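Listed next: structures, encoded as structure tokens.
In the two complexes below, chain A is the common chain; its partner is chain B in one and chain C in the other.
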Partner chain A sequence: MRIRTETGAGHHSISLAGRFDAHEIDGYRMAFEPLLSEPGTVVRVDLASVVFVDSSALAELLRSQRAARESDGDLVLVNLSDPVRIILELTALEQVFTTETGASAPVGVVADSSGRPVETR
Partner chain B sequence: MTNTSTYQAYRAWVTEPIPGKPRISVVVPAFNEEWRILPTVGAIATHMCARGEPWELIVADDGSTDTTVELLTDLRFPNMRVLIADRNRGKGSAVRRGVLAAQGDYVLFADADQSTPVEQFDRLLDELTKGYDVAVGSRAASGAAVSGRSLLRRTLSRGLRVVVAVGFGVKVTDTQCGFKLFTADAARTLFELQIVDNFSFDLEVLYLSGKVGLKVAEVPVEWIDAPGSTVDAAKVSLQFLTDLFKIRISDLRGHYTVGGHHSVARAAGRRQAIVAAPTSVNQ
Partner chain C sequence: MPTDVSSVDLDLALVTEALIASQDQLAALRALIGVPIDSLDDNTALESMLHEALELTDSHCAVLVRGDVVMEVGGGQQLFELRRLLTCGIGLSRTEPHPVELPVGSAVVASLGDGGSQGCLGFARRTDTRYRTGDLHLIDTVVAAINKLTSLTDLHRRGVRRAAIDHEHQLASTLAQAILPTAPPALDGVDVFARSIPASLAGGDFIVFEVLDGILWFAVGDVAGKGLPAAIVMTRAVSAARVAFHTHAEDQPAAALGAVGDELFDYLSGVGLFVTMAVGSYRPGSGVVHLANAGHSPVLSVADGRACVVPASMPPIGVVRAMRGRTQQIRLGPNDLLVIGSDGLAEQEDIHAVMYGYDRLLRRVEQRAHLTVNEFGDGLMNDVQDHAGDQPASDDRTLVVLGESRVAP
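== the complex of A and B ==
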């Protein structure tokens, strides 16, 4: 799975592409957790290019949501691909997550394939 | 970004029975898959609905003791059948029940863990439309993309491959990949004959394919090891060797009588052909 992290003033986003399964959780977590350094952070996770999410990945997204909300922020799932949308429906998680369709934030930091943030400018 | 037409096709599939006979049947064996089955159903439904052809899903439960059956039956999908088993008999038993219940022109058997992504179906179907009777997903054929497979499993697989080729004359390099596509005739012929209830049924089916003269294509696929597998590779390999012996004995004792099968005449003039499809899989 490819992971790209973007940070901007007051908002952060992570774009995922490929298959999001248990093998990819560590990389995702490495990209996500640093974004919660300040209270009230909203992190948008763009899933437009995700072809499959397994139960481990869904559990990780729930964990991320809980962590964000505990610090008065939120996790927002953006641009659900067809398989993600359908899997969220089947697992009755569509109402649990905040979802939206929209553009991502300006590029500030990009993560490498393992999820480790890489400075780009 | 959501492709509206695919999602609409999915909504239609989960709300309205397909008119007439399905072109494709997807059979998924399931034993205690409550953790994995819904994402798998979602992935299969997305891809099959995107193809735009009538299809059905058959989940063949194998005596699950968790909530697998309840999760599926609660969905109440008109084009999905859940075959409930009273007890655990083995993967071969579940697949056999599923395949024999299938109504499609083509019957795909796919593992419940999505280790072979369902998108690989298209390349298997290509082979059947060229005239093959069976298309076998392969992790060993040139062009396959395999990730997450342990060294132990790779080593055991290579050893078993030699045994299978030498001892059985089965030229398919990966008999055990849980992703195989059959024409309706081939599916019925093979699964009415096969008797092995456990995971060695794959080998038995391919052995029988050669025996009745079906054409088998081996297709390289993408394969990702499904985390959480509880399979003990060494133990499974030992069981596999035992089953090889049992299959051979069963054949010698005449348990695979093919004379009465309608499709044998069709297959009789054919020589089994094993080929690796000249396609490649990108990582």
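== the complex of A and C ==
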């Protein structure tokens, strides 16, 4: 799975592409956890290019939501792909997550999951 | 010039003596290499090696220091001096075998392992006969042999520990899976197919059946995650479901599910997992299944040859505290079926990484709706396996099929 992290003033987002399953949990966590360094952070997770999620990935998203809310922030799932939307509906988890559609990426530094800058806008 | 016979005889004697000594060393070297190392008792093997090394190096005593262990062979005053040097680390400025001074006699010391990480070793002679270059090479050979023995013993111990852990893992998996039913319940008026195949030794899928006062209670569920951790959580879910069956009326599966959720929420929240579960009850002949679904799929009602999804009325257990769903009434008349599976069916990939998929699952269910419960169940599980081919299971596969008993034609 490809993971792109974008950070800006008050805006943090992670874009995922590919399969999000048990094998991708560590990489996702490495990208997500540093974004919660400040209280009140809202992290947007863009799922437009995710082709598959399994129960481990859903459990990880729930864990991320709990961690964000415990520090007075939130996790927002953005641009749900059809496979993701279907799984959330089948599991009735769409009522648990905060979701958005059509959110655009904030301006800021783009880095890959290992922290190396990819481009700067 | 006339040859001095006595001089030749003396030379011959010296050569013969040297040859014998060389042969003795060769025999000692063979004995050193042949010390058995197939035991975990490396101290015994080390002691045997030191004895052989004494003869090999023409020494009178040897000391090996490894951590708190001090091993000594031979005797004499030199033994005391050598032990003092090695335990105090005196004279170990170099790792390779090198001479050190003794008040009386001569000695050589060397380090074991990388940079002395495995200890140190020393040999001593009572006489002032110095250890020559050849002796140092032999001692280097002894050091190499001891290092090899240490490495092999360490590998052996790690292998044994790993085997013990694997055995415990296997045992824990077997115990976890033993909680699942080995056969579907037998109850007049209802036919049941039930099969659960974990993707590895153990998994998070589960099936629970109880027949109480002529009513069939059932639960089919899936713990998020895979392997032994999911299986351990699964055993808690199964126990909670059984208790809930006994404490709720047949038309209260939603309340039963809620009770399971209350029982497990803190536990699941603590480990960061959730459980999808469908709980239901069926009284044979009633024509109705009462069912509550907490985030589980696929749950399909098949009537008149058409399959309809029975949607979840609440999120999985462990996500929201005190969540309550609703009980749905599913028709189960003659030729109707209730099909409950796990996501391992639709998510199974073939060699081209193409999933079996929910659309194909629905089609196959409708195509097989006329079959008996067992024919239906066997056929669907085989179809998923045929799709997988030689690909390993993507996830645990579970299938439960309920149908009104059909009268034989």
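A few points about this structure:
Everything that follows uses one rule, which is that the second predicted complex is superposed on the first by the 105 of 121 C-alpha atoms of A that agree within 3 Å, B and C clash if a C-alpha of one lies under 4 Å from a C-alpha of the other, contacts with A are read in each partner's own complex, and residues count from 1 in each chain.
Note that in this section contacts are C-beta pairs under 8 Å (C-beta built on N, C-alpha and C of every residue); 3 or more make two chains touch, one makes a residue touch a chain.
The model shown is predicted, which means the values in this text are computed figures rather than measured ones.
In the superposition on chain A, A:96 makes contact with chain C only, not with chain B.
When both complexes are overlaid on chain A, the residue A:22 reaches chain B and chain C alike. In the superposition on chain A, contact is made by A:63 with chain C only, not with chain B.
Of the two partner chains placed by the overlay, only chain B lies in contact with A:80; chain C stays clear of it. Once the two complexes are overlaid on the shared chain, A:53 sits against chain B while remaining clear of chain C.
In the superposition on chain A, the residues of chain A touched by chain B in one structure and by chain C in the other are 22, 52, 54-56, 58, 86, 89-91.
The residues of chain B lying in touch with chain A in their complex are 1-3, 6-7, 10, 35-36, 38-39, 41-43, 45-47, 50, 75, 114, 117, 119, 147-148, 224-228. Against chain C, the residues of chain A that register as touching in their complex are 22, 52, 54-56, 58-59, 62-63, 86, 89-93, 95-96. The part of chain A that touches chain B in the complex is made up of residues 19, 21-23, 48, 51-56, 58, 79-83, 85-87, 89-91, 101. If you check the complex, the residues on chain C that touch chain A are 222-226, 272-274, 276, 294-297, 309, 311-316, 319-320, 343, 347, 355, 358, 395.
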